[in-house]
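Heads up, there are several structures right after this.
In the two assemblies presented below, chain A is common to both, partnered first by chain B and then by chain C.
After this line comes the complex of A and B, so read on.
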């Protein structure tokens, strides 16, 4: 599993996508926060004027909706197209090891992207009294959210075996998960479904976790979504063997 | 216990039946040529043996392990070169072999030693640091072979390993196959007859998802060729020769093989292959006053057998 992760990671680093991801992610967050403001709200560090990083971390989901699917989209389709999947699947590896190895490689890159944003809380901490508790909470929440998006993207790649399709579908699903539970969105869906929509929403849970309110239920929700999509991924790969 | 046991294997791709009751066994140390025209089902059979595909029905075991229930154990024992030689193009040869070894759980000095050994065997030393996407087809094939041999597998499966190589490269790859075949069980899939004749002691011919012949390479031609063919070359009249040969009891319709001036060469076989067939032909030629230039039996080749057993028209009928 570690070898697979390693193989994927070095192939990430050999392609532009890893660097695009890292630069775009840090750029998006810092740019929105300090310069042009959050999409749809125009809030920046200066307009909010306090040293809480709420606004900063609330940028993570929108950045991830575009960037994580881009990262995940090549993990399976490359292998399915070039036929190297036949090598991989005839090696003495279990399907879940291959799937988890690929997942870990993506997660490592997401973690790296988050590490690159650390200078921002540091900077803020210089200006004022920063409570680091919520900051770490937000980092954990971000990693979990990224993991959930990644598992969706990985699954879609295995299912469609086509990068562009996988990217579009994944981004759409991720966006849906983020928007669900939003008051604006709730206007458009039947009242009876509001509860469900709120329960499935990534944003609300992300915000709670991000405030340092580490609720086991929220953490469990993200892990479950990730787990379910990894499992579905194994099933798709297994089903390719046919009967 | 046979190394590979395949019993009544069937594989359907949707409504298309690619394998229709394939059975064979292979003992340790055998070198098998798995021969058949394109689309016969060779690759499908190999994908099932390596656990890449599940059969629709039937059973296959490798070293006593079922390919479906104990897939990982099976895959541990096999070195596989898939058709079209897929490789991780962005790696160098050395990185690639290292990764393959790690994926097979090899490490440290054993991996380093085996890597050296297969690089030596496949003469890849000069290209070890080259990125795989820069390699020619012949070198790619060698990398694929090196990968298949890395973990000293008990069984080596090579699917069309010489397709697209120039004649010199073909000779090189065959030499490697013969070398590794000395102490391993090998299956070589191919539609190239000379390759199988050159490397394999045993041949299975598969056509339309069914095995149509199975035996020692040397025996197969004799078994399936029917009565031996004689080439009769004479000076004189073609009509007279044909008439004379047709008089012989059990003679087949004579076929003109060559003609030059008044010199004709005809191929004919005598049913039941009597011991005195040659003498009878000679007498028949003399009796009509033709001058016999040459008379030789033409031994059936593997090619004759292959063509006879896999001709598409026979199955269309």
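After this line comes the complex of A and C, so read on.
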């Protein structure tokens, strides 16, 4: 599994995609928070006036909805299209090891992206009394959210052999998970579905973790969504092996 | 082929089975509350002080939450969040805290019954969207606390915007609940306010109303949230302080006569608490709105002098006020933007209003900080005070110069154990560079560019801004008589001297119970008009400082009247987490470089390094393959 993860990570780093992902991710977050303001609110660090990084981290789901599917879209479709998946499956590896290896490589890249955002809290801490608890909570939440999106992207990549299709479908599903439970979206759906929508929502749980409260239920939810999509991914690959 | 098909179905079944287990596990975990609060001050965990408040109940307190079902979609979280907090209070109460939820619309007759309550418990109209269509419904959002024969209702809408934000709601709720518990447990706690109401100028009466105001509406509202409403006390012309007043706030005293001082003295000697908010000049009074608006534009303001007449009386208690106003360059780094200015247009030579962004210093607006820019403790806040330590910054506009006089305190004698009977502590001070500016013609400079200079002979030193004097006092009027009377004569409305008011209570010369005297070197920090002015000027630093000063003041009231628990619960919520805006403005370029510019360069560096490592590895591999 580690071998696969390392191979995938190297392949990422050898291609421009990793750097595009990292620059786009950090640029989107820092640019939005320090230069042009959060979409729809226009809030920047200079207008917020306090050390809370809520606005900054609330940009993470937006960025991940586009960037993580872009990262995940090449993990399976490339192999499926070029036929290297058959070769890969001839190695003495179990399917889950291959799937988890690819997942870990993607997750490592997401973690690297988050590491590159650390200058932001450090900078803010220079100018006021920053509470690091919510910052660490937001990092945990971001990593979990990224993991969940990545597993969805991997699954969709295994289902669709076209990269673009995989990207669009993954982004749509991720967006749905983010929008569910949102106050604004709840205004447009029947009341009976609010509870279900809130329960499935990624953004509500992300915000809760981002406040600095690690709830075991939220952490388990993110982990279980990740686990379920990785399992489904294994099932799809297994079924492809059998065809 | 058949084998592959059966393996496919096994995989699908396994996947579905696992998904079902995961869903069930999530449902099971949804009801649990295993949480780890990573915040520095544990602000999402029920504070220990709130648990102590709940644990101190010796009789059953019931809370009935009258909450509509369903609520507007943006308040969906309220019942769940409320239940969580109420459960935590119940768990800490040894069974004395009980709660229930009721949806009045679903119980016949209940709305009518609630209507008869004092205050009436009524649904409040709130906008909502149902499947995209805007609707307006009426919703109950009330908590009613009952303790013995005491009852107190709390409308959750009082939390304003925090009600619509789950994080804020959870953070503020413990204080709201604890303060209601305190309120029903202390029904007798009474605050009195001695103040003078002023009428708004005629040209502003349409905007500000015609009713005279003392500018303390905000403070009164804050007090009434968790204590019985503050009562007006009249001291003029022989007015007496009612016996049931536990704490008296003397706001901006002016022309205090001997009979008023004697009344205050007796109040203090009864073991009660007196808070004096002193001022040498009237600045933010409602009748002077026009003057201060003009003053803020022109840079100097004609002040109305106040003659508090309390110098000798306060000096007896170890606090010596003097004339002039305090200035302190280290404490007045706050500044405001002026947006428009009259300038000559170079092209047309005409005078015109041009927008300018210039930050100006207001020298008299002192904002002492608990910690400096480098987060080092400034020493201006007493760490021993539970009330004022921790608010981070304080605001004293055009403060009265005060000094502590230890020798005066010694005159109050000693306790039986030999310790001093009276102790005084400066809880907030200026920096050591403060000096007194003498005011001529009652005209004070409002702003300067850069900081105004101190007079050549100015004596610099740290001056107290908030002083607490406590202990068993000896009367400032001890042994004194006015002819045959034990009490001073009073002055009638027309200045005619009248005999002392008859009083059946025995005169007190030495306090029986320890009392508290608080002296604030300024009164404007709790004025509604100071807050409005700071907001209008977009003076962010001053606005925050005024809010924190007010929070600190309410801490003092709570600490003295109902104990320190409320102060402790509130403290994480008022922690000063604002950024140093002046420094941020100065270093804007460097901030943008560190946060936006540096990362892409680091990433490009990383890419280059990776490429170098990879090509070096390839060369080594090729070389070893070719046997070189």
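The rule is short, and it goes like this: the second predicted complex is superposed on the first by the 241 of 243 C-alpha atoms of A that agree within 3 Å, B and C clash if a C-alpha of one lies under 4 Å from a C-alpha of the other, contacts with A are read in each partner's own complex, and residues count from 1 in each chain.
In the analysis below, contacts are C-beta pairs under 8 Å (C-beta built on N, C-alpha and C of every residue); 3 or more make two chains touch, one makes a residue touch a chain.
Being a predicted model, the structure only gives us computed values, none of them experimental.
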Which of chain B and chain C A:207 touches, first, second, both or neither: second
Chain B versus chain C as contact partner of A:14, first or second or both or neither: both
Which superposed partner A:4 touches (first chain B, second chain C, both, neither): first
Partner chain(s) touched by A:190 [first = chain B, second = chain C, both, neither]: second
Touching partner for A:228 - first (chain B), second (chain C), both, neither: second
Touching partner for A:169 - first (chain B), second (chain C), both, neither: neither
Partner chain in contact with A:30 - chain B first, chain C second, else both or neither: second
Broader residue contact with chain A after superposition on the shared chain, chain B or chain C: C
Contacts of A:84 with chain B and chain C, given as first, second, both or neither: first
Set of chain A residues, in rising order, touched by both chain B and chain C: 14, 242-243
Contact footprint of chain A on chain C as seen in their complex: 4-5, 7-8, 11-12, 14-15, 18-19, 22, 25-26, 29-30, 32-41, 44, 70, 73-74, 76-77, 128-132, 166-167, 371, 375, 392, 540, 575-581, 583-584, 588, 591-592, 594-596, 598-600, 602-604, 606-607, 610, 614
Chain A residues touching chain B - in the complex, by the definition given at the top: 3-4, 6-7, 10-11, 14-15, 82-94, 241-243
Contacting residues of chain A [partner chain C, same complex]: 13-14, 19, 22-23, 26-27, 30-31, 33-35, 45-46, 49-52, 116-117, 119-120, 122-124, 127-134, 136-137, 183, 186-191, 194, 198-199, 207-208, 211-217, 220-221, 224, 227-228, 231-232, 234-235, 238-239, 242-243
Contacting residues of chain B [partner chain A, same complex]: 11, 13, 47, 50-54, 56, 72-73, 75-76, 78, 80, 82, 84, 86-91, 95, 99-100, 102-105, 147
